[in-house]
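What follows is a set of structures for review.
In the two complexes that follow, subunit A is the common piece, with subunit B as its partner first and subunit C second.
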Partner chain A sequence: MEFSTGKTDGIIVLKLGGAVRAGDNDALQDALGSDDIRKSKAVIIDLSDLEYLNSRAIGTLMSLWKETTSSGRKIHIVNPKPLVERLLKAVGMYTLVPVSRSVEDAAAALSKGE
Partner chain B sequence: MPEIVHREIVIPNDTQYLSQVRSIVKEVVTEAAFPDDEANRIILAVDEAVTNIMQHAYEHDLEGNLEIELVLELDNTKFEVVIRDTGKSFDPAAIELPDLDQHIKNGKRHGLGIFLIRQIMDEVIYSYKNGIRNELKMVKYTRSPKSSQHQSGC
Partner chain C sequence: MPKKTRTKGKKPPGMLEEARKALTRHVKVHPGRMLIKTLPGGKARARELKAAAAAAGWEEGGETRNHLAVIVGKGVKAEQAAAAAGGTDAYGTVVWGSAEDETGLCHVRLKQTHPLDTVLRAMEAVKCEAGLVQSLAEEKERTREALKHLEHLLATRDEFFSIATHDLRSPLTTMKLSLAMIRVDDAVENREILDIMRRNVARMEALVNDMLEVFRLYRGTFALNIAPTLVNQIVEDNVVSLFPNAIEKDITMDFLLDEEVLPINADPFRINQVVSNIVTNALKYTPKGGLVNVQTAWRGDGVLLTVADTGPGIVPDEQEKIFESFGKGSAETTGGEQSTGLGLYICRRIMEMHGGRIWVESKPGKGSTFHAFFPKDGKTSEGNG
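For the complex of A and B:
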C-alpha cells in the first residue's frame, strides 16, 4: 500500500495506491485517523491508483465516513478502479459517499457545499 | 483452457503467506475464462476466507505453528477451492449477513469479509469434523449469474 496526503483550503486529500492487504490495515487506520484528517473541514480520498483493498480496509473507509459526517464535515471519493468500485458498491458505500472523477471535481463540489 | 487444473498449497498460520495464496489462486483462475475483474474478486474471496481462518480459527499465540491447506481445482465449468484447517470451528456460511445500512451508519470496521465472500462466490459450503478439521469449499462457476451483476452485486 502507498499513501500520501496533501492539504488545500482546509481540505485533506488522501491518495491511496497499490493494494491494501492484511498487513496494511493498521497503517491505513493510522493514516485515516491522523490529526490532520480529524481537524480538516473535508476529506477527499483519491482511489485512482488503488488496485485492491480487503474487507477491513472497506470497513476503515466506512468508519471514516461515519466519523467525518457525524461531525458535520464532508467526504468525497475520487475515481476508483473497477474492482474497487464494485466492492464499494456491493457494500452500499456509493449510496452514501459522493464519487467524483478527479480531485479537482471533488474540491469544486465541496466548495459548493456538496 | 485445459480440462482440469489442480494445485495444492500448505501454508503456516501467518498473514505473510497470504501473498502465496493470492499467487496460486491467480495462477489457476487466469487459466479459466474469467475476466480480469472477476478473477480479482475470486482472489479477494479466497484471501478473505484464509484471513478469517487466521483471525478466528487459531489463537494468536499459535500464529505460525499451525497450517492451512488449500486445494484448488479448475475445470470447464467451475473454479473450486477447498480450505482446510485444524483450528476452532468457524462456519462463515452460518454467519448472519450484516444489515449494510446499519453497518455503515454505525461505522463498524469488521464483519464485511464474509459478506463479500458470499457476494462473490456461487457456493460456500462448510463442514467440520469434531477434533479433526474444518473444511470450507467455495465454488465459482465460469458462467455465473453473479458475473453479470454490476449494481448491487459484487
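For the complex of A and C:
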C-alpha cells in the first residue's frame, strides 16, 4: 500500500496506491485517524492509483465518512479503478459518497459546497 | 510334570465352544437353514455339530433341490471336498476353505450348488463323519426379500424427498413474497417479528433447496452442463457480494486471484455453487476481528481455490464427516447463521462429477483452510446415488 497526504485549496487530499491487504490495515487506520484529516473541513480521497482494498479497509473508509459527515464536513472520492469501484458499490458507498473524476473536480465541487 | 494324554475319540476341551463361535461367524454372513447329515459311524460327531449349530442359533430345515455345501468336520480338506463334489480344479470350485483350525475343524464352502447326494459323496470322500449342509434356495429367498425391502425403503425415501422439496417450495415462495410485500411503515412495532419470520423462511428455503439438490444426486438427475468457465470471475463475484457481510461482522476479507488462471471446461453454475459454499462457510465460522483469505492459483492442469479462515478449526474426526450428508461439525456459526449440513456434501459430489477434489486442512483453534481443485477439462458424468 502506498499512502500520502497533501492539500489543495485548503482541503486535505489523501492518496492511496497499490493494494490494501491484511498487513496494511492498521497503518491505514492510523493514517486516517491523523489530526490533519480529523480537523480538515473536507477530505478528498484519491483512489486513482489504488488497485485493491480489502473489506476492513473499506470499513475504515466508511467510518471516516460517518465521522466526517456527522460533524458537518464533506468527503469526496476520486477516480477509483474498476475493481475498487465494484467493491465500493457492493457495500453501498457509491450512493453515499460523491465521486469525482479528478482531484481538481472534487476540489471545485467542494468549494461550491457540494 | 506328568505328560498329557488324549483318549482316542474324545473331543479336545473347549472344542464345542470354539465350534459354536466358528459357526456363529459363518451364519452371520450366510444365514439359512441347515441340514445336519451324518455318515455311518459319525453319530458322536453329528451330536457335537448339532449342539454347536443349535448354540449358534441355526435352525434345522428340510431338504431342497440344491445345496450349498458348508461342510464342517474334522479332517476335511477344501480341495478334497471340492474335487469330490465334481470339480476338476479343486480351488476353482471352492469359495473358501480352511485347513484344520485350532478347534480341529475344517470349513469348506463350495462355489456352486449341488444336489444333496453330491454333497454327501463329497463328505464321504473326505471321510467327514458329519457335516452341515446349507440350503441355498432359502438363502436366495432371504436375499430376495432383503432386496425387496431395500427397494421399498428407497422408494419411500424418494417419495419423502419429492414431498419435502417440490411440495414445500410452493408455500415457501408464497410466504417469502408475502413477507416482502409487507411495508416496514405498516409494521414498525412488529419489525422484530417480521425479521424472525424472514430469517426462518430464508433458512427453510436454503434447506429445501439443498434437499432438492441431494434428491437430484440420489436420483441421478444432477447433470453437468459443461462450458468454458472463468473461475476467477466466479470467485470475485462471490467474494465481492460477501464484502458487506464481512464488514458487518468486522471480519477482514481478502482475495488474491492468479492472473494466469485460464478458462476451464466445467459447469459454471455448479462451480459457483462450490465457491459460494466454501467462502460463505468461512465467513459463517470466523469470529469478529478474524480473517478470511481467498486465493486462486493456476496449476497447469486446473485451478486451485484456497479459502483460509481464522475460525475455530475442525477436529480431526470431523474433517471427513463434514463432507457427508447432514454431516455438520460441532463448531457453531459466529453470527447466528444457519447450516443445513448438506452444502459440503453437495460440493464434494459436484467436484467428483467434475473429476476434481475438495478437502480441508485444519487444526482446532488455528482455523481451517479449504481447498478445491477444478480440473481444466471437467468430466460430463451424471450424478447418482
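What we mean here is this: the second predicted complex is superposed on the first by the 113 of 114 C-alpha atoms of A that agree within 3 Å, B and C clash if a C-alpha of one lies under 4 Å from a C-alpha of the other, contacts with A are read in each partner's own complex, and residues count from 1 in each chain.
We adopt the following convention: a contact is a pair of C-beta atoms (placed from the backbone, for glycine too) under 8 Å apart; a residue touches a chain by one contact, two chains touch by 3 or more.
Being a predicted model, the structure only gives us computed values, none of them experimental.
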First, second, both or neither for A:82, with subunit B first and subunit C second: first
Subunit B versus subunit C as contact partner of A:41, first or second or both or neither: neither
More subunit A residues in contact [subunit B versus subunit C]: B
First, second, both or neither for A:56, with subunit B first and subunit C second: both
Partner chain(s) touched by A:92 [first = subunit B, second = subunit C, both, neither]: both
Contacts of A:22 with subunit B and subunit C, given as first, second, both or neither: both
Subunit A positions touched by subunit B in one structure and by subunit C in the second: 21-22, 54-56, 58-59, 62, 83, 86-87, 90-92
Subunit A partner contacts - residues on subunit C that touch it in the complex: 236, 240-241, 243-244, 246-247, 250-256, 291, 293
Touching residues on subunit A, where the partner in the complex is subunit B: 21-23, 29, 52, 54-56, 58-60, 62-63, 65-67, 70, 82-83, 86-87, 89-93, 96
In the complex, subunit B residues that touch subunit A: 15-16, 18-19, 37, 40-41, 44, 47-48, 51, 54, 100-101, 103-113, 115-116, 119, 150-154
Residues on subunit A engaged by subunit C in the complex (per definition of touch): 21-22, 25, 54-56, 58-59, 62, 83, 86-87, 90-92
